[in-house]
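In the two complexes that follow, chain A is the common piece, with chain B as its partner first and chain C second.
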Partner chain A sequence: MEISYSLLLILLPLLSGVVTATSPANVAKSVARLSSLITFGIFVLMLQGFVADASWQYTYETPWIQDLGISFKLGLDGISLIPLLLTTLLVPIILNTIRLSDYGRPSVLLGLILMMQAGLATVFLARSAFLFYLGWEAALIPIFFISGMFGGELRQQVTLKFFIYTVAGSLLMLLALIYIFAHTTGPARDDFEVMAGVARSFDGTVQCWLFWGLFAAFAIKMPLFPFHTWQPDAYAVSPAPGTMMLSGIMLKMGVYGVLRWLLPLVPLGVAENKELVLLLSVIGIVYGSIIAVKQSDIKRIVAYSSFAHVGLMSAAMFSLTLSGLTGTLIQMLSHGVTVVGLFFVVEHVERSLGRREVGSLGGLTKDSAAFSIYFMVMLLGSVALPLTSGFVGEFMMLYGLSEYNLYLALFAGATVIFSAVYMLRMFQTVLLGQKLDTDASLRPLNLGENIALVSLCVLVFWIGIYPSPFLQLVEPAVEKLLAQAVAQ
Partner chain B sequence: MNQLYATWLVLVPLLGFILNGIGFRRISDSLAAVIGLSACIAAFGFSAALYLDFMQGGQAAMVIRLFDWISFQGLSVPFEFQIDQLTLIMLLMVTGIGSLIHIYSAAYMHHDAGYGKFFAYLNLFIFSMLLLVLGGNYLIMFIGWEGVGLCSYLLIGFWNTNTAYNDAARKAFIMNRIGDLGLLIGMFLLVQEFGSLSYAEIFPQVAQRFTENDPTLLAITLCLFIGAMGKSAQIPLFTWLPDAMAGPTPVSALIHAATMVTAGIYMVIRSSALYNLAPVSLEVIAFVGAATALLGAVIGLAQNDIKKVLAYSTVSQLGYMFMALGVGAYSSSLFHVVTHAFFKALLFLGAGSVIHAMSNEQDIRHMGGLRKALPVTFFTFLIGTIAISGIPPFSGFFSKDEILFQLFLHNKVIWAMALAGSLLTAFYMFRLLFLTFFGSFRGTADQQSHLHESPFAMTLPLVILALLATLGGLLNMPEVLGGNTWLAHWLAPILPVADHGAHGADLHTLENILMAVSVAVALLGIGTAYTMYLGKKTLPAAEGQPTSALHRLVYNKLYIDQIYDIVFVKPIGFISRLLGFVVEYLVIDLAVAGVGALARATGKGLRFAQSGSTGSYLLMMVAGIVVFLALVFKSNLF
Partner chain C sequence: MIAIGLLSLLGILVLFMGMITGRKGIIGATSFSILLALAGVFYEIRNPEALEAAYASAYMNGMMEMGTASGLFAAVILTCGLIIVPFAKAYERQEHAQLAEYCALMLWAMAGAVMMVTYRNLIMLFVGLEILSISVYILTGSDKRNVRSNEAALKYFLMGSFATGILLFGFALIYGSAGSFYLDQMAGPDLFSGQDIPVDLRMAGMVLVIIGLLFKVSAAPFHFWTPDVYEGAPTVFTAFMSTVVKTAGFAALLIFLEAFSTLFDHIFWFQILAVSTVLTLLIGNLLALVQSSFKRMLAYSGISHAGYMLIALLAFSADTVNNLLFYSLSYGLATATAFGVLILVGNRHQTEGLDPLRGLGKDEPLLAFILTVALASLGGIPLTAGFVGKLFIFSDALSNPAILAISVVAIIMSTVSVYYYFKVVAAMYMSDKVAPGRVQVSLGQQVALWGATAGTFALGLAPGILRLFL
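Up next is the complex of A and B:
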């Protein structure tokens, strides 16, 4: 039997996750890193063989619950390629930033991260509705334990709130999926194309209901204003690797959900409601940016900045323009890379000094020039300086939005100004000025951390300087998606 | 050949940045200086090679496409360079003055802990500035545009243990970003109209697509101008530039006087094809420029920090360049860009030499009589001062006079404002000169014992710049004085010929009269300064003791920083706290909790359904049967 690469992307992290979680710490570390690198290697092989058209590739299917017509189908296309690249790329990097001595039961932490990767890969690879739903919920369980077991103060309340909030959204999505499924016929009835075909045949009213059912899950996951209040708390409380998984990869589930399971399924519902969503998205950008300006906890500054950036992704998607959608995909990558880097910065400062409040830090650039450079590069990517990854995505997204409505683009463009305001404030408060406490200094970066950060920096510049390969890979799929999302 | 030169021209400073950046604290100071300096001089060499090649190639503009940068269906933005007359002037100016300032810095920054870092940043700046002027489309220009902004941020806050300096750096970056948003929106509109951002594709189409003052074209040109306002410190986005003086003095000379701040002017000249069809936008530019020129000159009257005076003077001079643009006199504006680069770089470097000699003192009230101790600095500074004041035959006279002449032809109100500005300029510059170099020394004995002329590496650039400031007028000598207006002719292929009207005898007479007027006005300013500061030996009032309300107003820079603080900074901070600590928790989160509470209440209400009591189950069963029967037999019942 031929081995399916797609299946390996799920099984390998899952199995090695189980092994890791039950091994002693040192073994666990090697197993986890090795398995994540192999997974990435497999994905690179898949990329090499990937043909830049709009078709499904590396497909795998097997009957699952035959009586109900539920199937197990995997596949890769230009849209899912980006979040999968992000997942397989970021997990090894995130694993490299973990110092075993910082955590009580490091094997469990490492194992949970790998299991989460399996869930995320399922979401991004699923070509059938119930497998997608399974992955969606499965990815949540490990992060629930990561935050609940390894998190900071108030972790139980915050994690529970996060869990209930997202599950509530997921259930609405499940209802919508079941409704569509009930109208399908034949074997493998929950196949993406079958489901999409049926959903698109509903009239406008039904599509509107379905829209809100599906959208609830995605909006909460991203999160979109005003469904975001779980997010800053969850980011602040989770341990750094958990925050990185949440912000770097998991929130892209929401973005991907919109692209894969919302826009092509209910175009009438989208047409009916997109103004409202655009408005909420743009409000979110401005709202999140303004809040980030005066936050006193640097972890929350990054959290609100991430929230604002996701608002822009959402707005760009619902502009239903080629540049908006392509820009969103590029920004998925860029945002994942920079936000992981920024949360590393926060983590490193907190682990070194035991605090992370604005005003309690300063002058740390003296301790490590390398750390300052890493921070600066992530900052530049985040504020979207040209030739960094952030610019390509942001330019395309804002341009797409301006094609739809110039004034929305103008308000969304507030991020150009505000990102500089809050990011430079954070940079200054951490690195510049006089040291408040001359004894406390940054702990030296170890080899793993240096490798992780250099990789992130390389990515920031690579995507910023030479984005063409990425653009070419996604373009046909985006065109197809756009045709489905607007045509009736 | 061109492609090779242009590529290396850009890569060499980038390489210098990388070497000095990675090697910082690992390589010696002298090696760092050699790397930084040779990178910049090599860039000058490549610029000169490009120039020669251009002359041999029949002076035809060329576009060099390197690779596709952002390209997808509907928009293709290649990484491309455009080399034409305008580019070459800017290239030679940036790398030439850049090299002189690198030489100067090698001595000026001596003993600084961040020596190698400083050269790394300077090279990065040159790299960005080269991209800005070489870019063949707006987006490549924008890379450079933002890149010089970043370098400006890094260099203003170079001494980063000082919070005030860091704040100044941040302010500069943020104010520039406000302008950048305008520029971005302008670019979006350009793409929507032309489907491209390349100069070579946009400009030939403008005339076919738009009639004069077409609303879209006005929107495009005004949005682009907002970008220029930020970068070139025009009202209302000018307050960052005086604060930017926190950076080391060579930075002020290179970035905040000679090159980066003129990027806005470069961009408007580059876009002249758009602006020519947007007279309303030009009118706006002219008035903003005039207002800025006057405002900068007025505030400059009462400043006591040697660099602050020069900074406000830069704001004011940039205003002159915009006034010229506003009446369509693009080549006159570029002429002033070039001469200003000479004399203002000279003045800043001279100021640096003074500060160096005065053990980091910047207050001119504590100086005086320095001409004896610093003869070279004094003499070159004197040339710079005369040049900026507009006294013939120094370069500033020709460029400023050409602008005044053009203004007079187009708009008498603006001309009058510009003339008033010249009066003030001559006054505050000579006030600065007299207080610094004449009279008796007013500093401490300690400072006096340390007074010394700067080393050769610092005086050499001063002398070269002084020569350029003296002779720079030759670049565009007016015909009425026997010149051949070389610069205007050089630029003619890419600029529409400025409508001088007929070059008749009347105009020549007028030009002569206007020259006499402006020289008289400058002399009046100098005379006033002489009487006040050398004749009466007046000293500016001490910090916090201005003599009158008007003086206090000017001394405090018209309280514009304070007004911005009250109108923008404070309210945004307040709203941020309001949203972050009140709305988030008391409105949105409470609503979420409300939904949760509702769910819990519903659960409580439904709980009795599963209470486990047989009695209630029986009751419900009976009720259910009744309802069921009623439904089944309802037709029979009624």
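Up next is the complex of A and C:
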């Protein structure tokens, strides 16, 4: 029997997640790291055989709920490639940054992260609507427990709020998906192409309703202004690995959802509502940036910065230009890498010194030069300095946006300027200057953390200096998507 | 009909067994009786020809009929009973409890429930309903020294009798205009005069019967008895009521509506049910939201699930039977499990509210896991049976434009329900307070809980496995 790589990307993390969660901490650690590396290895193999055209590759299908004509279909194309790369790449890195002694029941934490990876892989590989929805929720359940069981103060309230917010969005999406599904016919009715065909045949009014149903889920997940109120609290309260999973990968579910399940399905709805979405995105960018400047909690600075950056991604997507969409995909990768690095920095400071207020930190560069370099690289990637990953993505996104509307692009460009302000200020107050207390210092980085951070730094520069492999992989798929999203 | 016979006779045996052995072995005997009845049901579903030959096409002059759908409803009812019975175990140690009587009454109640899902004649519906109801009235009041149990029993009895009266009045009107109690003749001409007469009387009768049955399934606005009765009754019997009675009631309602489907434009009862559906969804979910007691929350959640099942009825298509069956099963498994865990942890901690559950994730990870799965299923989270059940119902409903708005309400209310279910999950895993005391779980209870949890997952992942039972 031929083994499907796609299926392995889901099953391996799922099974090892169950094993990990139920084994003792030391075994769990090895199992988790090993399985995440193998998963990444499998993905690299897939990447090697990937042909850069707009087709589905590594497909796997089997009937699932036959009475309803629901199928289990997996596949990889240029658009799902990037978030999947991000998932398989970041999970081993995130696992490497976890110190077992920091958590009460570390094997459960590691197991939940792997199970979440399985859910995320399902979302990015799903080619049928209900499988997508299943993955969407399956990724949410583990993070609910990660934040709720290992989080900080007020974790119960914050996690519930986050959970309900996202579930509300998901259910609206489900309603829209079922509505489309109820109008399809045939044996594999919930296939992406079948669903898209039916959805595109609806008139403008229906497409508008469907747009809002689907958009609600994606906007809450990203999150977009004004659906973001769960996000800063959830990021601040979650334990570092949870925050990394949330911001590094889970946020991309929303972006990917728009690309895969919104733009091609309801082009009339998109055309009708895109001005409003663009406006919300740009408001989010400016609003998030201003709040980030005002924050004193460094974890919240990174959280709001992430909120502002995702606003730019959304604006670029809805500009419906080739460079905007390609830029969004590249930025997905870049943002994932840098935000995980930044949250690691925050976590490391907090674990070492027990606080994360801007005023209470200073002079940490004296403790560890390597740490300062890692921080600097992540920061530069995040503020989009040329030759770093952020620059490629943000440049393409802003260029695409300016093709659509120059003034929007000008406002959206505020992300870059503002992020330089709050990020550099954060770097300055945390690392430079006088050390505030001499008895407490940064704990030394261990091997796993060093490996994780070096890999992140390599990625920041690789994407920044030589992005063309990534661009070539995604371009045909993006062109096809654009044709679907605009053509009438 | 093997099931009805077995349940009635074995009920009597269990009762006498109680006189001989006291409390020992009663639960095992009861579970075994239910298993026998279940086997009887499947024997009948799988061998219709053999039985037809033996009974010349129909039992009791065709007043009851065990078809595939009826048989599966009976199977759902018996499965729920099978899960719940082991949780009566606490009575084995209680001085004043009459375990044999309770178990016999549960068996008889299930016999009544099976009649309610197999009737082809309104008389049989009435008889079945009364056998079920009277048994459950007694079970509700079985905690004789507890004022609230007494209050619940009295309330249930009074309200229930009233509803039965309405139902019977409806039967009378239908009989007066159709000249028959047989469902096959509901849509035909009047048997007395042999002529087609105006259907107004039958419509009036139908409305009364629908109201009577809506009362039994605790749909709004006939739900007022539910929270008090569910809360006051001993938890084992609450679990029994909220699964067995509800499934039987919905199956009876479906069979009743099907009998009339050729007579009227279905718009006629659609409006009545539509109003009830929306009210049920809103009242059930919004009031569940504000409950502090887990048991009372489950009572309101039971009301809210009646709302989803009513949507299945509203769609009234060829798939309605399957949808209702699947939903009843997924709801039954999850509800029985949730009540089961509540009974177990309630024993260690005698307070209301969420307190007994706090910190359960650390104390009893397996129980907490089981309850989490059950609540996720009730909330309709994917990977569980509850999600697939809702998917079936909504994909049927959304192809019908008339139910679109109600479906939107239902989806929004689902979000609300996720909140109150996951508030419990959060209390189990995320609060520091740990209630004292270990939880004793007997072998039978473990089998029941794990069986139901496995069922919930299996139905959520591969609903097609139900075909194996056909």
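One rule holds in what follows: the second predicted complex is superposed on the first by the 488 of 488 C-alpha atoms of A that agree within 3 Å, B and C clash if a C-alpha of one lies under 4 Å from a C-alpha of the other, contacts with A are read in each partner's own complex, and residues count from 1 in each chain.
Note that a residue touches a chain if its C-beta (ideal position, glycine included) is under 8 Å from a C-beta of that chain, and two chains touch if they have at least 3 such contacts.
Keep in mind that this is a model prediction, so the values were computed, not measured.
Visitor: Examine A:156 and indicate which partner it touches, taking first as chain B and second as chain C; both and neither are also allowed.
Guide: The second partner, chain C, only.
Visitor: Does the superposition put A:101 against chain B (first), chain C (second), both, or neither?
Guide: Neither: A:101 stays clear of chain B and chain C.
Visitor: Examine A:164 and indicate which partner it touches, taking first as chain B and second as chain C; both and neither are also allowed.
Guide: Once the two structures are laid over each other on A, A:164 reaches both partners.
Visitor: More chain A residues touched by chain B or by chain C?
Guide: Residues of chain A touched, chain B against chain C: more for B.
Visitor: Could you say whether A:48 touches chain B, chain C, both of them, or neither, answering first, second, both or neither?
Guide: neither
Visitor: Please indicate which partner A:141 is in contact with in the superposed arrangement: first for chain B, second for chain C, both, or neither.
Guide: Second partner only.
Visitor: Now for A:185: first (chain B), second (chain C), both, or neither, which partner does it touch?
Guide: It touches nothing on chain B or chain C.
Visitor: Could you pull out which residues of chain A sit against chain B in one structure and against chain C in the other?
Guide: Residues 164, which sit in both footprints.
Visitor: So in the complex, which bits of chain C are touching chain A?
Guide: Against chain A, chain C makes touches at 322, 361, 376, 381-383, 387-388, 391-392, 394-396, 398-399, 404, 407-408, 411-412, 414-415, 418-419, 422-423, 426-427, 429-431, 462-464.
Visitor: Across the complex, what residues on chain A touch chain C?
Guide: Contact set of chain A toward chain C: 64-68, 70, 130, 133-134, 136-138, 141, 144-145, 148-149, 151, 155-156, 159-160, 163-164, 167-168, 171-172, 174-175, 178-179, 181-183.
Visitor: In the complex, go through chain A and note every residue touching chain B.
Guide: Going through chain A, the ones touching chain B are 164-165, 226, 228-230, 232, 287, 290-295, 304, 322-323, 326, 363, 365, 369, 373, 380, 385-387, 392, 395-396, 398-399, 402-403, 406, 409-410, 413-414, 416-417, 420-421, 424-425, 428, 431-434, 465-468, 471, 475, 479.
Visitor: Can you check the complex and tell me which residues of chain B touch chain A?
Guide: So the residues of chain B in touch with chain A come to 21, 24-25, 67-75, 139, 142-143, 146-147, 150, 153, 157, 160-163, 166, 170, 173-174, 177-178, 180-181, 184-185, 188-189, 191-192, 572-573, 575-577, 579-580, 584, 588-589, 591-592, 596.
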